[in-house]
Amino acid sequence: MKVLTVSGSPHFHAEESVSKLMYGVVFSLIPAMLVSFYFFGLAAIVVTLTAVVACMAFEFLIQKYLIKGPLTIFDGSAIITGVLLAFNVPANLPLGLVVIGSAVAIGMGKMTFGGLGKNPFNPALVGRVFLMISFPVQMTTYPQPSVLNVSLTDAVTGPTPLTIIKDGVSRGMPVSELMGQIPDYINLLMGNLGGSAGEISAIAILLGGVYMLIRKIISWHIPVAYLGSAAIFAGIFWLISPEVYPDPLFHLLTGGLMLGAIYMATDYTTSPMSRTGMIIFGIGCGLLTIIIRLFGAYPEGVAFSILIMNAFVPLINRGLKPKRFGEEVKNG
Amino acid sequence: MGQLKNFTKGFVKDNPVFVLLLGLCPALGVTTSAFNGLGMGLATTFVLVSSNIVVSIIKNLIPSKVRIPSYIVVIASFVTITDLVMEAYLPALFESLGLFIPLIVVNCLVMGRAEAFASKNNTWNSIVDGMGMGLGFAFALTVLGGLREILGAGEIFGWSIFAGDGMLVFVLAPGAFIGLGYLVALNNIVKKKMES
Amino acid sequence: MNEILNEITLFSVVSLGAIGGVAAIILFLVAQKFKVIEDPRIDQVEELLPAANCGGCGLAGCRALAEAIVKAESLEGFNCPPGGSDVMQDIAKAMGWEAGETTPMIAVLRCNGTREQAPPKVRYDSAMTCAFAHALFAGEGGCPYGCLGCGDCVLACSFDAMYMDKETGLPVILDDKCVACAACVKECPRNIIEMRKKGKKDRRIFVSCINEEKGGVARKNCKVACIGCGKCLKECKFDAITLENNLAYIDFEKCTLCRKCPPVCPTNAIHELNFPVRKQKPAETVES
Amino acid sequence: MAKKESTFLNMVLTLIIVAAAASFTLATVYNLTKAPIERAREAARQEAIGMVLPDFDELQSKRLMPVTGSDSLEFNLAYRDGNLVGIAVATYTGMGYSGRIRAMVGFTPDGEIIDVVPLEHSETPGLGDKIEKGKSDWSNQFRGFDPRVQTLKVRPDGGDIDNITAATITARAYCDAIDRAFQTFKAHHSDIINKENE
Amino acid sequence: MEYIIIIIGAVFVNNIVLAQFLGICPYLGVSAKVSTSIGMSGAVMFVMTLATLVTFLIFNFILVPFNIEYLQTISYILVVASLVQMVEIILKKVSPALYQALGIFLPLIVTNCAILGVTILAVREDYGFNLLEGVVFAIGHALGFALTIILFAGIREHLELMDVPKGMRGAPAALVVAGILALAFMGFANLV
Amino acid sequence: MEKLKTFVMGGVHPPENKLAEKQSILRLDPPESVAIPLSQHLGVPAAPVVNKGDEVLAGQLIAKGEAFISANIHASVSGKVAKIDAVIDSSGYRKKAILINTEGDKWTDGIDQDESLVTDYDLDSKEITRRIQDNGVVGMGGATFPSHVKMMVPKGKKAEYLIINGVECEPCLTADHRLMLEKGEEIMVGITLQMKALGVDKAIIGIENNKADALEHLERLAEKYPAISVQGLKVKYPQGAEKQLIKALVNREVPSGKLPIEVGCVVHNVGTSFAVYEAVLKNKPLMERVVTVSGTSVKKPGNFMVRIGTPVITLIEAAGGLPEDTGKVINGGPMMGKALNDLNVPVTKGTSGILIFTEAESKRPPEQNCIRCARCLTICPMGLEPYLLAQLTDKKRLEECEDERIMDCMECGSCLYICPSGKPLLDHIRVGKTRVGKMIRERAG
């Protein structure tokens, strides 16, 4: 007789799987990747590859020799971590530092807690902030975009728009004057500006975001709440004093805000579960980002604010439960 | 009874920092270098041993209701003595340990040993216990300080290990937590190996 | 000399003495006025604790631990890092909780339905937990009493005294590690694990089956099932064996480990542990 | 073991006695260490002055209010064979990355900087602590710097001092401290020089 | 505004736990559950404020006039210890409910660097605080403690469900979390 | 047609795979022997009233449900009682059953075997309920709750709506669909009987619009019955669950832990209405039912009217035999049905379908770590957090499970269906429910 399988219900299973989702994210990152390669040339390719390979390698080594659990390096999450880490550092970062960043992201940010799904903080951002604090010089030396550069070393470096504003304002210069040193909004949108390897092109990132929304990989709640609240808070300050605080659109298009809101705040593992929780999370990120950008020591606050909000996630999950069926009965 | 064991248990098996997780504030706060760690460890050992001695001597003279305040006063005295002596003769170390010297007073390790051990044992045993625990504490602080110094500045006890800057994080607050976290994990593993 | 003894000394002694005295008086008065009557044993236990109030026990200080210990009436699950095990022993002594000498017990698995003896007839494909498998069906081997082999008991054991034998699909209990905490007994949804006397030289004899189905039915699923034939019953000179619901049971209080019953069992359901190998093998099916 | 009962008198007396004994001991230690502590502090000051001034055989100290800032500065006038050879100013700034930075600046009587050493700071190790001599030679650029013709500001602020990479704030603050000393010196210059003439 | 800056500085920039390493023992010890960490925070806030108030007075009206500042440590610890015990005894009698919520954490606080540290810091000359500022400073630090320990307890409760690898379970993972939290809080650097 | 309605919270869209929807109901001959379990309903098992060797007629009472929640059981074939013994049923365990060897097909007197429609009756509510009870009618929607109990509205409550569940939201199943098409008139009469028994004057039939033909058919029939309305529903699983159906149809939320009557509703399956019709007006006990047999490699998927107690394998033979590549056989729908570990288990009153999955279809995806994607919690129609319930169960934190309302879970399986990391969420939740249930009972004393 045939050996029947016995299992609990249900007996159907949706097509979606972890690796499908993860590779979906990787796929959606392609436009941003292309823009990054276009503006930063070979260096960006090398940094991205190094980060991806290093992340996968560290995950493999730790799983094999330290945790001794099943190997999951091909589920795609380490690839995302690698790509996003590379996207978050200057394209000319020495490769040794890229490897250190990957080790920290995977080793400390992810595998310390048991791997996929268990980490309280976004691994790529842990890696990035670690690098940021450890190697402030290298991490703030940004190459300027130069189309299809094949040289690995001699990129022209210069300040990012956010640094220009931060420095200038701290020296008492009015924003309107500083704006002259910054590419116009069309260029900002396309990605023709100085910055981390993958964060530059708002349009490419939005494209990826739309793809993920359509494929239902992410929901709109976090990105919209994040970008919306950042724009609103920035707008309030801008209205108060436009010569000290740049306008909201500037904030949206520069730095890592787009990348953060669409790819890093939405990381399942480190964001809240309920819809209301997601919105609170997004608003918190937006508020903190603007506060750090405008008042902190750093010109950029996306990484820090997402990490700080990551810490709030367990409390948010505790406090903001989904609405239970039959909880408050409104009959009619 | 097993004086040697009493003495050595503070290093790995019952290490005050790695296993008992006591006195973490100084363990994290001053360990920016191996030297600072060692200095703090020795200062604590001094306070620990001295207060153990005094407590074991006066233990029978103190009514139980005020024993805690009394012990605190004893400990605080030795801490203040350390503070004054260090400022006089080791001003550089005094500068870098800063606030954490007066805080030896509230190091749970010191109070804990005074109460748990010295108040029930004779003077000699209390000295051995204080020494063991204190040196274990110093050991832990030195290791953590060394780790942070190597990774953070590329040096150990001031000798250069590798050229260039280290990873700044390890000099700063997060590095203290992270370094200690992994050292505790390592100690767990070593401890397990030793047991089996 | 007045380099050393000067007005500073005077001020110091007076101020600190005053602070100390005032503190003591206030404390005493407040303590008198706001006395709360509590279980005196709490004070007794607190006295023994290090008073480091470090929170290392996970509770809010030494008194909290003392209260918890007195409330729980046991030391299980409590730990005081600065005090160590000495303190815990002192407390046990003071509270009179020292464990008396009891007969050593050990967990035994009363199922021998290995993959070979009770071959799987269906494939289980759900959460690897016996609790669920038990709710779902009779088991891969078809015996509704037999071990499901998902290892809930192994997970429940906090002493590493059990492991899952991949070959047989049954858990194995390690004699030298089991401390008879009975966690596994409570965990097993099929009540297969029993606490038995450890026995002289760790020797034990028991019926390794709890199937109450009729002999034929039971036998169909598992070659080593107890079929309730009663042969062992007749063999036992010490009235240690009873038969109920098609199932024989050996009372470990009465069993003298005489080893008479195992050979007569037609299905080899009686298990003997830690005995020397028998001289001449009685007729039996070869066991792997 | 006959432990003492916890009666009111016992308790209060014990605590008073313990406190008194402790404070007595402490007072003794304090009195004994007071002089060495003073000496250690003085030694540190002397060492710092020595590092920023040429050899001298006499030192006069006085405190002057700075042009900006709330606390007075300590001016140490160093003489050799009766001639003023330099002025060591203990100055400070509140603009440091983590709090106050104190420094000792040595000037020639003309106002040129001889050298600068930090006295106290809590800048970040690895970043801001590059102001220390042992950590980097950044502060060597102050040697022979003439604030009368050059500007005591970091280059991004339009001055003539090279920046410390990734620690502009500290560098800026350090310049501020030195500038405070210089401005005060300048304001009181004639005063100081005159005194010498008297 | 001044007070707000003191508070923001104390809560975010110079967070007592993450940047100054004070009160680490209760931070790790009493943070297994969110509910206990809230209780602990309440108790710390109460005692820190009260202790700063009292020690500030003692420092400025006894120690300074008599020139015996070196007795700071010993007199502070005596005062803090008695104060805490007194509050505990009173609370137990007057409001058992409040005692259950906050009081049971009081003993932990005596041997807690956070209280002694803040009381000592509050009279540091660089700050030059007056009494009110000193108290606000203490409240700010207590808030900072509360924020971090509650966040931390949340994360630890979460990790409790996560089957962290054996070697990292418990203290090591908690310390790494604290480290990452400290990294994240560096984003507030120089905010005020 | 009115706008399609649906429930708001959660829900999933599994592939429908209704392969047998075009196959009309085929009546099978009585099998050689039947095994009729004594517990085919929710509640206390019935007590046998026949003995081994007794001759019985089809439709004869063979076991009596004496407790308040229990149901009568009737012989489904005529013949001799072979024995009363434990046989493996769909629970995977041996349960008591009455085994009958078929001889001929003789029915008891009083059963109106005529197929013609009866519409007139003059019965009061008590009598209708009595006939339902006597004839052992239980809910055909899956839960097999004795239907007569549902007719007795508790004191202090009032029923306003009778809701007829024609949703058949389970993929693959088509039994209700066919029944509505072929026995629409009888169902309508059944509904009037149920309304009378309950004393309500409004009935709503809810049908998902993937059964457009049935929807249209019943809408047309309902024109004759002003009290009965038919409502189309958007396809979404688990719309057939009564709480969701009530929400969709009358926008009322049954409070947690309460019955539908709390909001003035009583829900019956269409099959139940048909059974009520037969029981009351034809005096025919519940002894046969429609079962869908389907599966991608089944030769002749179909809907069969079979006698209760027929071995599943007989039914499979009727659909063309067991395919070579069979990996799993399911009793019920793919979302809530039980996998069988033996093909001789009998069809019972609750068997709505037998699904045959190929090897490939039967494998569950491999289990990975939960990535906290929040899908399970977004789709849970009860607004629960399945990932959390599963974790808490695993850690044996039962009080928290209870606080997180584990007992509200209706085991619809949506969470396990959707989870991308293949977590066996529902398996764990079921364990948790059992344990929490036990804890609650123990606490009650």
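In this document, chain identifiers A, B, C, D, E and F correspond to the written order of the chains, with residue numbering beginning at 1 in each.
The working rule: a residue touches a chain if its C-beta (ideal position, glycine included) is under 8 Å from a C-beta of that chain, and two chains touch if they have at least 3 such contacts.
From a predicted model like this one, the values you see are computed outputs, not experimental measurements.
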| item | value |
| --- | --- |
| Chain E reached from chain C - shortest hop count over touching chains | 1 |
| Remotest chain, chain D as reference, centres from CA atoms | F |
| By number of C-beta contact pairs, the top two chains | A-F |
| Reference chain B; chain at largest CA-centroid distance | F |
| Between chain E and chain B, distance of the C-alpha-averaged centres to the nearest whole Å | 21 |
| Cα-centroid distance, chain D relative to chain F, in whole angstrom | 87 |
| Centre-to-centre distance between chain C and chain B (centres being mean Cα positions), rounded to whole Å | 38 |
| Chain centre separation in whole Å, for chain F relative to chain E (CA means) | 60 |
| Residues of chain C whose C-beta touches two or more other chains | 8, 12, 15-16, 19-20, 23-24, 28, 31, 52-54, 56, 121-122, 125-127, 132, 136-137 |
| For chain F, residues contacting two or more additional chains | 92, 338-339, 341, 362-364, 424, 427, 430 |
| Multi-partner residues of chain D (each touching 2 or more other chains) | 11, 14-15, 18-19, 22-23, 26-27, 30, 127, 169 |
| Chain-to-chain touches, reported pairwise for every pair that qualifies | A-B, A-C, A-D, A-E, A-F, B-C, B-D, B-E, C-D, C-E, C-F, D-E, E-F |
| Contact footprint of chain D on chain A as seen in their complex | 136-137, 140, 167, 171, 297 |
| Of chain A, residues touching chain E in the complex | 66-67, 69, 108-109, 111-114, 118, 120-121, 126, 129-130, 133, 288, 291-292, 295-298, 301, 303-305, 307-308, 310-315, 317-318 |
| Complex contact set, residues of chain D against chain A | 127, 156-157, 165-166, 169 |
| Chain D-touching residues of chain E, taken from the complex the two chains share | 68, 70-71, 74, 78, 126, 190 |
| Residues of chain C defined as touching chain D within the complex | 3-6, 8-9, 12-13, 15-17, 19-21, 23-25, 28 |
